[in-house]
């Protein structure tokens, strides 16, 4: 059980790392959004599932409900995170940011 | 000014760092702060108020007087914002923009009497109009009821888990703010009218202070919830627990209404016509 | 297991530093917004981790839930700013 | 203050037609169904959140759910088509594992891009448009959010008619759209 | 209360604070202030002050950043320092 | 849920002990200096409000640091779920973090939010009158009259 | 019921403020009557409380029925009994006097105005009555926040100066809070009496020293003691007259009360005067404050601003009087709280009447106003005599106590500063009266000598006359006040 939890945690961390590094490495605002929001979402998914599993060690009604709450958090993250990204990208378009195209310098 | 600020900041900092050496070290269980007052709270809360969350018990009962004024601070801030910003009447004729939904034409209407007859085809828009954003609106529409339920849950379960009136009230207020952000201010105001909000603020604090005054009328001290036992037909200790819940509801109401009030006034500069 | 959680938390904090770099030095405000949003999503996980370290996760889960629900209000408000005030004010000059 | 009230009255007057109602739909206050469904969903969530089953807390729960469904029942369901509701949600649940799998695959792709040393040569950001045959707010929003969640593509703008404007990070991501995802969503919401 | 998490977050808090007052743009300042409040919430949680953390979470994420953005929306983003 | 204090297993040298013992206080002082500097030296009115909030948060940090207690858990009594009234197993003060500073700081956070609201409202009013948020520009405008 | 006076004193205005707020939305005509009734009840309760204190000694009241160190308790002795009465009476008189100008200034925001007004009085009463160090902070913030609201609705500059006040006031309150935190970390208690009980073994601790300094700086910021005064003059000058009439007399006095309370009850005089060897420095600081306040006032050509600088100077009197550390000085300082509240109220009511009639408060507007508003200006003369310190009025007696205390302590610099400021006050008021009396009214318009009396309405004049009369009456009965009340307000160990 612990091993599954650790593996899931590590997968989540890898996604989170990808998101964080991606924010730094991608060249412009639009492409930065790709790793930023979504890999974070994926990372949260894995890590929260791992923690929910770990929480089920002592299986009682209370821990089950807590784990379910963690799953609810995942659901809400999945609802709100793409919306937030959409809001940001919409703002970027309205603000008149032009997308980076191949060959330009990193912004 | 910069140098003066630097000097003052550094002086204060030096004084404070100099005096930290006399502090008990961080997290020391035998420091005076941990041995004088708090053991009583930790050990007696459950038997004196039957509330497992010590913070809630201390907040709403032992130091309930503080919390009453904390709520009053929020209320006062709301009234002050309203007093400062609300624009009572327009000198110049009101100018509004209406958009024809089918053609996308925009009408500029100066006098209120000449509102387009067939309003179904027109929608009122802000001067800084942003087109209809489907995703944000739909997702917010789906989320807002859940946020509100969560807020009520937080208020109701302040006894057993972190949370309570203030946190729940803020979340409840945030749900209305989210409505105002994702739609527009007018839609949000349609759900909670200005007058209702203003009265709710006062009613929230009134629930708190009124509970205190009721205890006074029942013959005990101000805010001594055990006086409620005779009304609620329970023993005094459970009455304290219920008293805390009543008070938390009052705090929640007041905080919710005030947060919305402040947001409305700031985001629309007190005009309530259009906001962020 | 506590140790593992602590190290996971540390790693998350390091990742937060990376996001914070974008929030601090992002060339435009929207980059800062991305950074802040990324910090927010890590905060949710970190809160649960802290709860597990305390062995009282049922108490911390509400806070994380509140964050998951409220985190995007600020982002939406900021993006709303740009929807209403067109044009990205050039902060570099 | 009187001036305020007057102003408010006039505002109400201009609103009576329901123009500023969410999502610009006719009022659905008359029907009882949405409120009941909202109440049930809310009560389920309450049980999940609360974890206390004594009468006192359950009463609080009923009151809270009633308040929420009274105030916000029309927010959760303001679509006029309530008939297909349970089925479409059930199908949506069936759709979500596939979506998760897709998201996972695409995440791996972006992960690969992120850590690739010559990332700048691999990516080719571009904005493109396409028209979806989906109708209905929920279906469109589900599709848009699925697109956003699938890394490599972000929905920039969706119109009510189904015009999508999407930012894609490279050619591979672009080619996946609208593709299978749209078909599955259409099936989930019993459209098309 | 784990000092391994406490110390790095305390450091980050200071970084956020300095950022929030030095950024030459009020909207950026508001956003960084939001990030500052995230950190503070984590800090309270680490020190075991759950109720305070909850309050900071709801206030920081829910209202205070929005207040700032609304105020900046109604005034200006320009700042000289 | 069993009770398990989060004991630190890593060995700590004296230096680390000293740093840990005082780090919270140093940081609160640093934050306070930042806030104070921002209030006094910054020219922009909203920046000053940000500084003011940082200042208030610093004091909250100070209080919460007072309340911290090593090896204790959060101040919500365990094993008390469901049963109202006395009769649960005895509660020992050493096991729970001091709740009083938390209570005080809840109040302080509320006050901070209230102050923030009023301050922003005032800043808005100033901006309506002078069309600027920079203090020196406003003072120039006043002097010109 | 008399055992519940302390609770009534705070609860009545609070409930009234809430009802006023609701009435403001529903039926606005009720606002003023509710406010008057609430303040009358509070005044009645405060007088009853003072009488009870005179009969029985210190009154304790447990809120929520909890024992003091754990719950919050009121602690009423002779000192705050007196200050409570002052706060109630001043607020009530100003409320009645300000009704017309409120109707004139905020015709459509009457509800919020009265709400803020009564909330502010609640906050001030709460500050004075409470025996809990942290509770004091919360009430301080109530008084401050409502005060910002009240002050900022004045003329064009009001918002900016109030914003500056807000920054400074917040720093002050936060410093106070920090000081309480330092006390909490070394004593573990928040109740003032409890802290005083625990502190003596810790007198050598650096943390206590820091707590003392930080608290003092915070309170000084709030009371506008000289180097930290910069926010006050502008904030008070540009405020609407109804609110400056409440805030100017009360806020600084209440903060001085807080300082006295901190010295007497929390840190104990033993620590403040013996362990710390700082009293000399503070007295010198106070002397500088007096002189600088007087000089600033001399440079002003604006009535309200001049009054504001006089307040700064008077704050110097009281701070110096306390730090003289002997009985006469403290008697003078405590007596001066009462006197100065009345004198400042008198001055600001005069200013309020003038603003109500001629819409201005610079010296140029005052020309020939004596003929136009004789009663108002008569009251100004009484107030001026009191501020200068002419015998039948009360100002003389407190100054007398202060000077004798200073001589007793050998602080001749302070004596000199007092005399200098009296002299400057003579000049100041003579200048005002000269303009008001001798220069013809409306000269610049060409048609001067409008002899007709155009006095402020009766509802504004009556409170003003009561205050002016009060100045003389308090002066006549000074001996009784000192013997019955103030004598017991000062701890016995001070000689």
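A, B, C, D, E, F and G are the chain letters, set down in written order, and residue numbers restart from 1 in every chain.
Everything that follows uses one rule, which is that contacts are C-beta pairs under 8 Å (C-beta built on N, C-alpha and C of every residue); 3 or more make two chains touch, one makes a residue touch a chain.
Everything numeric in this text was worked out from a predicted model, so none of it was measured.
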Fewest touching-chain hops separating chain C from chain E: 1
Labels of chains that are neighbours to chain E and to chain G: B, F
Comparison of C-F and A-C by number of C-beta pairs in contact, larger one: A-C
For chain E paired with chain F, centre-to-centre distance based on mean C-alpha positions, whole Å: 11
Centre-of-Cα separation between chain G and chain A, whole angstrom: 57
Between chain B and chain C, centroid-to-centroid distance (C-alpha), Å: 23
Residue list for chain B, restricted to those that touch at least two other chains: 16, 23, 27, 31, 33-35, 37-38, 41, 53, 55, 59, 63, 66, 70, 73, 76-77, 80-81, 84, 86, 88-89, 130, 133, 135-136, 139-140, 142-143, 146, 150, 154, 160-163, 166-167, 171, 174, 177, 181, 195, 262, 266, 269, 276
Where chain A touches two or more other chains, by residue: 21, 33, 37, 41, 62-63, 65-66, 69, 72, 76, 79-83, 85-87, 90, 94
Two or more partner chains touched - positions in chain C: 16, 33, 35, 53-54, 58-59, 62-63, 65-66, 69-71, 73, 76-78, 80-81, 83-85
Of chain F, residues touching chain C in the complex: 1-4, 6, 9, 73-74, 76, 78
Interface residues, chain C side, partner chain B - complex: 58-59, 62-63, 65-66, 69-70, 73, 76-77, 80-81, 83-85
Chain A contact footprint on chain D (complex, rising order): 45, 48-49, 51, 100, 103-104, 107, 110-111, 113-115, 119-121, 123-127, 144-145, 148-152, 154-157, 167, 169
Chain A - residues contacting chain B, complex: 76, 79-80, 82-83, 86-87, 90, 94
Residue numbers on chain E that touch chain C, as the complex places them: 2, 4-5, 8-9, 12, 15-16, 19, 23-25, 27-28, 30-32, 34-35, 38-39, 41-42, 45-46, 48, 50, 53-54, 57-58, 61-62, 65-66, 69-70, 72-73, 77-78
